[in-house]
Each structure stands twice: as C-alpha cells, then as structure tokens.
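Think of it as A, B, C, D and E in the order they're written, each chain with its own count starting at 1.
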Amino acid sequence: MFDFYFNFPLWFRLPLQGLAVILVLFPLAAACSMAERKISAWIQGRPGPNRTIAPILAWIPGMGVLQRLGIFQLAADGGKFTFKEDGVPGHVNKFYFILAPILAMIPALTTVAVVPFGAYLDSAGKLVPIMLANVDVGLLAVFAVSSLGVYSVILAGWASNSKYPFLGSVRASAQLISYELSMTLSVLPVFLLVNAPGGHGTLSLVDVVAMQSGGWHGFTAQSWHGLWGVCYLPLSAFIFLVALFAETNRQPFDMPESEADLVGGFHTEYGAFKWSLFFVAEYCHMIVGSGIFCLLFLGGWNLLPWLPLAKLAGLLGIAASPLLTGGLGIVIFLGKVAAFIFFFMWVRWTLPRFRYDQVMKIGWQRLLPLAIANLIFYLLAIALTQK
Amino acid sequence: MIPLTLNACLVLSAVLFALGFLGVLLRRNTLVIYMCLELMLVASTLALVAFSHFNGTLDGNVFVFFILTVAAAEVAVGLAIIVALFRKRHTIQVDELNSLKN
Amino acid sequence: MAVIQVSRKPLTFAERTYLPQIVGGLKTTLKHFFAPNDTMEYPEQRPAIPPGYRGVPTLVYDPHGREKCVSCQLCEFVCPPKAIRITPGAINPDDPTAHVEKRPQEFEIDMLRCIYCGLCQEVCPEEAIWLQNQYSTTGLSRAEMVNDKQKLYELGGTLPDEHFKWDKKKAAEGGGHAH
Amino acid sequence: MTDLLFNLFAVFTVACAAGVVLCRNTVASALSLLLCLIGVAGLFALLNAVLLAVLLVFVYAGAVVALFLFIIMLLDVQGGERLPFKGATLASGVLAVGLLATGVLSLATHARLPAVAAASPAGSTLRDYAELLFTQYMLPVQVVGFLLLAAMLGVIVLSKKFAGLEDIK
Amino acid sequence: MIQPAKPADLVTVNIDGKDIAVPKGTNVIEAARLVGVDVPHYCYHPKLTVVGNCRMCLIEMGLPAVDPATKTPILDPATGKPKINWMPRPQIGCGTNASPGLHIRTTSPLVKDCREGVMEFLLINHPLDCPICDQAGECKLQEQSTGYGRGYSRFIEQKNVKPKRTQLGPRVTLDDERCILCSRCIRFTKEIAKDDVLGFIDRGSHSTLTCHPGKRLENNYSLNTVDICPVGALTSTDFRFKMRVWFLKQTNSIDPESSVGANTVVWSREGTIYRITPRRNDEVNDTWMADSGRELFKAVRAPDRLTAIKVHGADSALEIALNAAAKLCQDGGVAVVGSGRSTVEEQFLTKRLAATLQAPVYLVSRVGKGDGLLVSADRNPNIRGALVTGLIASLPEVGKEGAAAPIRIGGLTLPSGCPFPVGNGTAPLAELAAAIAAGTVKTVISLGEDLVIANLTAALLTKVSVIYLGTQANATSAAAKVVLPTLTVFEKSGTLVNQQFRIQKFAKAVPAAGGAFDDLMVLAKLIAAVGGPALPSDLTALWKTIAAEVPTLATMTYANLPDTGLLLDPTPWAGLPFVEGETLHFKPAAAAVASPT
C-alpha cells in the first residue's frame, strides 16, 4: 500500500525523508529536554517548569493541565534559542567554531535513517520493517556515522580557544574512542547468534529483531527465539548499556561537560542557537542509542517475549491492515524507546559523575576485558552448540 | 565527465598517492607526515577496491581489510612514538629532530 | 592514648561491582519520583510565618490611632547598618495628640541597608517599631526601596496594645493631680 | 548518475587530499583528511563495497583521525610551522611527484587493461567476505592479528612511563 | 575657678582613704573631683552660690578624734592611725568646706542609701519623657539614676501633672513636670545675668518654677539657664526636638561676635550645625556665653550665602577669577580693606597681599555697647590680631554710635524681642573714600567687609573695581567685579586674639559649603597671582611662616596652642585707645578710653 511512495523519483524521496527525520527528531529532542526537566524535578521533589503559557492559550479550558506539565516551556525555550542574540566570542577560531554545532547535527540526524522503528505485515503475511534506508550493514553504519560525532566535540573545544572547552574536548575524544571498542565488541555476540551457522550473513537490525520474534514452542530450543536479547545476552546488554551512556556523554559519563569542574565543558563558549544544536544532537544520540538498544536487546517492536508483533496483530485481529499493524509496531517501539530514555534520565539524577581517571579505568580495564571475555564465551558456546 | 572505469579509478588512486607522497616529502610536521602516509594507504585501498570491483572478485576488497588493520596498528604505534618524542624533545618538527646529524 | 586500629571490612564482590548500590540508588530516586513535591509554589502558597519572625521593620499605630513613634531616635542610633533616618518634629498644638509633643516628621528605613537584626524593635521605648511578618520587599529603583513614613505605617498598621502611657497622662491632666 | 557521483567524489577527494598537504594548520589538515576519507568511502560505495565504505568511516574517520586530533590537541603544536615547505624539498618533491605522475599517465594510456565495464561483484554480503577471510586468507588474518597484538603492546610500552612498575595496578 | 593658692593656704583632707591637699575653702565636691571621685549633685554649680537644696551630694564626714586632755589625736590601736569621729548623719558635699584633717566617705553604705533615697524621691514625680526629652543623653537625672538609683519604681500612684511647654521667654521653653527644683536657673539669672526674673511659687509638690509677674526671661544670657539645667525642664526653643544630642559631634570653637572671644562648642551632625553651647574657660567666659552668639551658625546655611565664584556677574572658575583679580590689580592704585573678623592667619596673608601690591590697608571698626559681661564694645573679634600680625599699626577710627546700620549676621531675621546689642558705630573709611573720589584708588580688595555699611556710598563704589572675598551676599558683593566665596568661622580652623591679647584657636566643625573656598587658599593664590611669593595655605605650614615673621607669635604653632588659649605680651600696644569697657574677666587698661557711650 505504500508502493505509491516508492514510485516517486529518488530526488523527491530523499529530501522528503530527510525532512521527515528533522521534523520528527527535533520535536522528539525538544520533548526529551522537557522530560528531562520534569523528571529531574520530580526526582528532586519539586514541580519543575509549570508556569509558561501563551496568554492567548490560557483562555482555552484544560490548558492548565498542559501548563502544569510544562508543555509550553518547550515553545518558550525554542523561541529563546532561536531569537536570542547569537554571539561569537572574539577569541575563537570562527570557522570551526560555527562548523562544530553543524557537524554535531550530521551524525545525529543521519543515523536515524538506518534504524528500523516498526514493522507491518504485507499482503503476503510477511513482516516488512519500516525504516528510511534498509542497508544490510545496518548497525555498522550506525556505529560508523555516530563515531563522527566526536568531531563536533573536538572542534568545538579546540575552536573555542579557551581552556575549559579544550579540556572538555580532550576528555571527550579519549572517552568516545575508548568506549567505542567495548560497545562494538559487546554487540558482536548478538550478530554471532544471528549469523550462526545456517544463517545468511547480515548486520541488519531487522534480522536481530526477527531473531527475537519467535513464539512459544514449549520447552524446546526453538523457544529461545521468543526471548529477548537481554535474557540470553545479559552481559552484552550491560556492556552495551554502559558504553552507550559513555558514548552519548550522559551522566555518569558526561566528562565533556562536567559542569562542576569544567564550567560547561566543550560548549562553554556557545550560546543561543548554536548551543541548542549541541543540545538537540545529544538528545538525538540518546534517542537513536535507545532505539538500537531496544532493537538489539529488548525485542524491538515485539510487545512481550514470545508475543511477536505478528502474533499480537493476529490476536487483536488487525493483521490484515498494514496500517494498523505498522502503527501498533511503531507505538510499541516508541514506547520502549521512551521508557529507555526515562531510564537515561533516571540514572542521570541518581548517579554522580565519575572522575576522569575512573572513566578511563572502567573503559579499558573493566569493560574491554569483560567484552572480550563475553565474546569468547559466546564464540565457544556457539561453536559447541551449533556443531 | 569521466566515466567510472578501472583506468579512472587507478588514475585517481595514483593522484591521491602522489599527493600523499608529496606531503610526506614536503611537510615538516611529523603529524602531518603521518596523515599523508595514511592518505597513501587509502589511495592504495582505492586501487584494490577498483580492481576487485572490475574483476568481479572479492580478493581486492579482502586485502583492504588487512590494509585497514595495518594502518590502524601503524597509526597507534606512530602516534605513540610521536608523543614519546615530544615528551623528550618538545618538538615534532622533523628538521629540528637532527641530533644524529652532528 | 590508646589507638585502636580498626581494619576496614573488605568489600564483597557484589559491592565491588557497585551494581547493588546503583540499583539501590535508582530505587531511592524512583521513590522520590513518585513522592509528592516538597516545593512550595510561592505566590499561590505562602509559608506560615512563625511567631517572632523578623520581617520588614514597620511603624505601628496604637488602638486609638495615634502614631506611637515619638522620634526618640534610639533606633536610628542603634541601627548597625545605619538604615534608619529620622527627622524629628514637634506635634502641632491643635493636634489631638498634642500631649505627646513630638513625632517623626520623616521616618525612612532603607531596606537595601536593613539587615533585619531587630535591634530597633528591641531598643524602642515606645514599642512603635516592629519587625512584622512582611518578608517580600521588591522595587525597581533604590529610591523605591527606601520605606518612608507613610509606607512604614501602611505596612505596620495598628497593633493591639494595652499601653496607653500618653493617654493616661493626658487623662491625668484633667484629674486631681494637675497643678 | 554513477559517473556524475564518481566525478564529484573524485574531485572532492583530490581537493581534500591537497588540503591535507597544503594546510598550514595541523587541525585543518586533519579535518581535510577526514573529508578525504569520507570522499573515498563514497567512492567505495560506488564500487559496490558498502561494507568497506562503512568500515573505512568507522575505523579511519571514527578512530584514526580522531586519534590524530587528540594527539594534536594533546601536544598543542598546531600552527607551529613557519613555512609549509623549504625550497629544496619543494623542488625535489615536485620532481618525484612529476616522475610518478608520468608513470601513472603512461600506465593509464599505454597499459591495456581489460576493459571490464563494471563487472558485477561476486556478491558483497558479509558471508562472502567471511568465507574468503577465514578460508583462503586465514594465514594473513592470523598474521594481522599478531601484528595488532604486537602494536598494542608496543604502544603500551611506548606511552607508559615505567619508572615505577608498581604504579600499574 | 579657684585661684592658685599659696602653699600656706592648702589644707589636707582625706577622701575615701586618699589624702589630698586642697586650698582652704574648697568644698567637698571640688576636692573629691581632684582625686577622681565623683560626688553626684544637681543644685551645685561651681560658678554659682551654694544652696544645698537637692541633697544629692550627701557624704559622710568626720574629724580626727582629739583627746580633750592632751589635745593630741587619739590613735586607733588596731591600725595605728588616728581615730576618726564620724558624724552620725550625712552632710551635703557642696556645703562642706575643706578643713584640716577632714575625712570624707563617698562610698559607704549610708551614702549609697542616701543617694538611692534622694534619687527615688526626685524621680517620683518626674515624667517618663525621656524618649521625647531634649536633655536625654546629657541628663544628670538619667546618668545618676543609672549610677546611683535603685533601678525600678515603687511608686504606683499617679504622678503630678504640671504645665508643659511654658514659654519663659523668647528662647527658653519650660517643662515644669521635669523640674527638680534645683534653682540653678534662678541663681544664674540673679547672680550672673543680674536680671532677677525667675523664682519658685507654691509649696511642696506644687512648687513650680516661673517668671516673676510681668517679667520674662529674655535677657541675652537666658540660654545659659538651659545649659545649666541638670534635667530637661528648661529647653532651648530653637533646638527643641531638632536632634538627639548623642548624634552630635562636638567641635571646639570661639564665639566671633565680639572681642571677648567666648569659648564655645559647636554641635553638628553630618555637616549640619544644630546648636552652640559655651565651653568652660575660667579665664575668659567661665561657663557662659551670650544668646546672640548661639545663632551665628545659621549663617552657614543662610539663603544669602555666597556659593559661586563670580567674575563680572558670571559664574566662573577659581583660576579664572584669580587671574581676573590680578588683572584688576596690575595697574596699581589698589586699596585693601582688611577685616577685624578675619583670623590671625588670614590677616597675616592680607598683610602680605597688601605688601605685594604696595596697597594701603584699611580696617573697619565695629563698635557697639558692651554689656559688661560677655559682649564687649568692640564687635570685631580679632582687631588685636591685626595689630599682632602688623596688618595695621594703629586702631581704625571709631565712628559715632548708631550712625550705621546694624550688623547683620548672615542675613538672618533674628527673633523679635531679642535684645541684641546691635548699637554699632562703624567709622567712615573717610581716607579711602577721599582717595576713591580723587581717583588714586582704582581697585579695592575687601575681605568680607561690606563697604556700603562702612559709609562708602554705592556711587563711590561704581568708580572702583571691587574684589570681594566673603561669605554672605551684600551690597558690596553685588557691586564687585570679582566675588570669591569663602568660609564661615564654622567651616575653617584658625586663631583669634581676644581683648586680653589671648590667642585662642577654633576648629573646623562642618565641611565647607559647596562652592566656597578656604580663605587661606584663596588669599595665597591671590598673592601668587598678583606676583607675590608662593605662600602655604595649609595651617600648619603657614604657622611656620607666621612664627618666623611675627615676633609676638614666635615659638608658637597652631597645634601647640592650648584649648584655653595663650596670653600674648600686650605691651607693644599698651597705649592704643581700645574701646572695650569692663567684661567678665577683663578690665581695660588705664590708658584706654572709655567706650563711646
């Protein structure tokens, strides 16, 4: 039913998809920022932003609830970021200074393209993933592109030409490179399982979800496929989780910012719109990272273990409608992502920041050996069981 | 408009290699020299990929794996050497690293 | 001095991974997440002012509407940051309170200087200056932050007070003790 | 379409490569290298080697150049070069490059390479790569693995100060 | 105070165990003061007769016991000291004079009980007025109830109510409730002011201070009753409710209204003077001063105060004005009108100015009727300073009394009924007038003197260029080409030489009014501008020059002058016809002519 779309010429589809990414991710990031404020407030026992409202809207009944939830704070923030005077300090390297936030947006927005965020059943009863670009290197592409994100931090810190941003960016570059290793290694067992002998050789995230989409077949080996990745790859999930926190510069790993000792870290000299780009990029990273984690370890768009989307659609009697099934899949997936983002924020307001040497120690001396051991364990396990 | 042919790819690869070579010869900053070395390596991978593509085999591509691996190892060691050098001599300019000259 | 060496209990493996502690922390924060807010939403909700609160110093009238201050200037003298400025003056003989003879012509308290120490209230022999429960003073200019006599009486109002020293004296003037 | 993209990427890559050589600022050189690599990745993709393109970006752009920048900032030596080149080295360099260019040009014009017009790759799935790597090229894989190990140890030896071994816990 | 006594007149008394030799006739309060013991008192005043009616100064006294048989002192066997026969009842300290061997106890339980009792009785009917009372802070009742009182009241009955706010005279307000009937004011008016207007009427708790029928307390010394009133019963109408005394800064000053040079204290707060009170100087004014001198501070903030430098009527800057003045002087024909109100330092600089310009110096005499007390006939406070510094060699000509307009003090409208001794005679500066008329004088420099009052008519002034240095606007400043505002006596420091040839110093009480400049600085710059030597304008530095040049003042510095002044040797001017008659501590020399009354 979406064939008409694929009949459009490529030059029309690509900008449309790009626009869709921007139009979806920006509000999502904004919503995340709102959620962050509210969640931090509630965890700290205060109400959080709850005053902002446009005077015109105040007339509409029921707006008060939204106001208390701080919805309009979003618009206020956005307006401020957009219209505030966007100064460039005199001592910076102007070209790279302006380039850095733009560079931050590129990987943040690009990675979404290869993340499947739902699936529907086509007329043949086959699950078709919903994603913007289906490349079979899947996850590798995400890693490759998101690894470019480090450049914005490095450039921002270097171009700011002042010591705190500089320190922040040096820390960031070392941290990002360090945790990339563990992250990649932790994911390998997932694909070892996907590509186990008899598999077809892929890095596609869709196939990872497909692996977790099995039904209940009694206490047989087949029932493994109904479980989620986190059940049989707990260590991988854990390492990936920790590395994800580090890669997205979230607490307790937000070395590049660490406002207590570095003022504002790499974006100390930034303000207004340029700063908001960094801000949005961080949330985009968070969203994409949460999505990847859900796909890899939390069953993607499957509601529960042993209850894949197709089965759920059948139970609900909507399997015939691709639109409804797709919508259901997207809702389930986004729900998981939202929950995971909540987890991000929950952790942020729970754990204190690590010291920088601790970050390095955890990355190289704990996480990396653990990831290697994990990998070897699964290598052996697969080699022995899949004879 | 130059069509995408093996020749074109090879010429492009050669140009990149030559540029990297030029950089190695001309620049005095060890870091930049290293970057130019990387450039030469990348140029060679381009030729390999082109060969592989136009030959219809994957062997060239597979070699790129090895080159990437070796390049990564080389960069790690090279940068470590540069850092060690800088700690000792407080410079990374090749023409200032001339203690063997006299 | 006996020094007792207490050896620290070695951490268990679980403790060294920190994971139980992290989970415990997450539990705590989640509990707070659902707990009701501790914050008071200020303009709508106001704190209960405890008795004896030292808010903005004010001048008060006695229950008969007489301004109690006789401008003895002790508060001006005692004020540590010199926030008080009084211009004394005589009361007009045809004024109903003429028997008090003296009252402030001007009475200014610079709230930018005031440190709310309460010494003025402490020293006042007429109990005319009170630090009441007004705690929020704002202004857009320095001049606005100087409370003049009118403002001070507005803030202070009337305090129920059974001291009628001056009125008793006035009553005695008509009594048998007058000479 | 492919030709157009090829040309675009080629020009872009060469320009960026020139930037690496010519930029006086070390950071600018490194960024040029980054862009150059992205251009090469694009060329790889055009040559049906998407996996290699992604790997190139992952390994080179994601780690190697970042490492370069990290070292540049660590040593804080950017902009230290007085002149990019010396006269003599310039002359010899141009001569060498000229010779190289002549060779390549003669290769391009005289070598009769088989005019295979975009032969379809034998298949570029991961499985094909894996089969080649772990059968035919098993020995090189092992060798490279040892090389990596050696490099890792070498880096540790080089960068760690061994004044007091007890420092390493 | 008590005159230095011959050693033979000294008697030894023992106060609280300490022996001290005091002149015979000294009462116990004064003797105790010499050993640093404070005997509280209300009615006693060292300059007034002793009446002993407050009973506050009760002490225990005793004399050594003498063996009637041998006429030798009986020794106490325990201590080996003479045995004292203490009187069983306490005595008043003010009325007990020192006699040989007198023993006094001021801290015994009996004395303390007595004081407490007296205080309690004094306070019974005293109103709780302290918050509004002007005496609060310098009130003896407050001080001594703190020091010797019982601290709380046992009196539950209603207090007496007496008239408040009675106007005894134009300047004194009486609050009868506060009066403790010490009678100091009555004795003062009778004994010092010789104007017996006050007295008590009624008896017991009805006793009230009042004026005798048909009389008012309106003599020129009425405010001294306020000063000596130990409580807040007598208050100054002018100072009433103006400011609490504890805020006021005290600065020693000199009353400039006449050549008596009464010592005063100027009370000011934050640059505003609130009142002037006398300062005790037993050689000059005892503890008194005239009412007329207490209002002079109002000139500082008077509406006619000059606050801007004017050159040809336009506002100008000091340097420009000095240059303009120098230009007016450069053609010669300059006359300097000095002033008997200037300080010694200013007169010294005036002399140097005249010397530089080779100009004759004239002085305006200012003569009124002396009251024989603290206002002398010569209303110039420093005419002798002009003689000492050599500004003038002989006294200015004295005009006929009443021929000129009254002296205006800073443009004040003084309260009606104030019997200021305003009869004045200023001599016409006849010589100067003639010179102006003849055209030989083209420029007149006036140092604060109104030439029109000095009988130079406005028509004459149009013929000359006037350079005026002064504090208040007048006809001369209006006619002047160059006006340089200067400081009043309260804004500067300096010295004056009074009729006894006593050089006395006064200090700056308040900062200079905006726009006015220090006289010394202006004069020094003017001297420099007209081509004279560079002279210091700083008082300490200037005194070095003065001491070097003026033989009478050699060895003196400003800082070294005692607060009570220093007598100069008057012999060089002994023959001059000074106009003053007798005042409190001054008797004119035989050669002096009587005042022109």
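Here is the rule we use: a contact is a pair of C-beta atoms (placed from the backbone, for glycine too) under 8 Å apart; a residue touches a chain by one contact, two chains touch by 3 or more.
Computed from a prediction, not measured in an experiment: that's the story for all the values here.
Take subunit D out of the picture and the remaining chains divide, by touching, into A, C, E | B.
Among the remaining chains, not one touches subunit D and also subunit E.
Contact with subunit B and subunit D alike is made by no chain in this entry.
Most remote from subunit A, judged by the distance between CA-atom centroids, is E. By C-beta contact pairs, the most connected chain pair is B-D. Measuring from the average of all protein CA coordinates, the nearest chain centre is that of C.
Taking each chain's centre as the average of its CA atoms, subunit A and subunit C sit 54 Å apart. Averaged Cα coordinates give subunit C a centre that lies 74 Å from the centre of subunit D. Subunit B and subunit E have Cα centroids separated by 103 Å.
Residue numbers of subunit D whose C-beta contacts span two or more other chains: 55, 63, 67, 74, 128. Across the assembly, subunit E contributes no residue in contact with two or more other chains. Taken as a contact graph, with one node per protein chain and an edge wherever two chains touch, the assembly forms an open path, each chain linked only to its neighbours along a line.
Contact annotation for chain pairs lists A-C, A-D, B-D, C-E, with touch applied as defined.
Residue ranges of subunit D in contact with subunit B, taken from their complex: 2-4, 6-7, 10, 13-14, 17-18, 20-21, 26, 29-30, 33, 36-37, 40, 43-44, 46-49, 52, 55-56, 59-60, 63-64, 67-68, 71-72, 74-75, 77, 80-81, 84-86, 89-90, 92-94, 96-97, 100-101, 104-105, 107-108, 113, 115-124, 128-129, 132-133, 136-137, 140, 144, 147-148, 150-152, 154-155, 158-159.
Residue ranges on subunit A touching subunit C, taken from their complex, read 39, 41-47, 50, 346-347, 349-351.
Considering their complex, residues 27, 31, 34, 50-51, 54-55, 57-58, 61-63, 65-67, 69-70, 73-74, 125-128, 130 of subunit D touch subunit A. Contact residues on subunit A toward subunit D in their complex (touch as defined above): 96, 135-137, 140-141, 143-145, 147-148, 150-151, 154-155, 157-158, 166, 169-170, 173-174, 176-177, 180, 195, 200-203.
Every residue of subunit B that touches subunit D in the complex is listed here, in rising order: 1-12, 14-23, 25-29, 31-32, 34-36, 38-39, 42, 45-46, 49-50, 52-59, 61-62, 64-66, 68-77, 79-84, 86, 91-93, 95.
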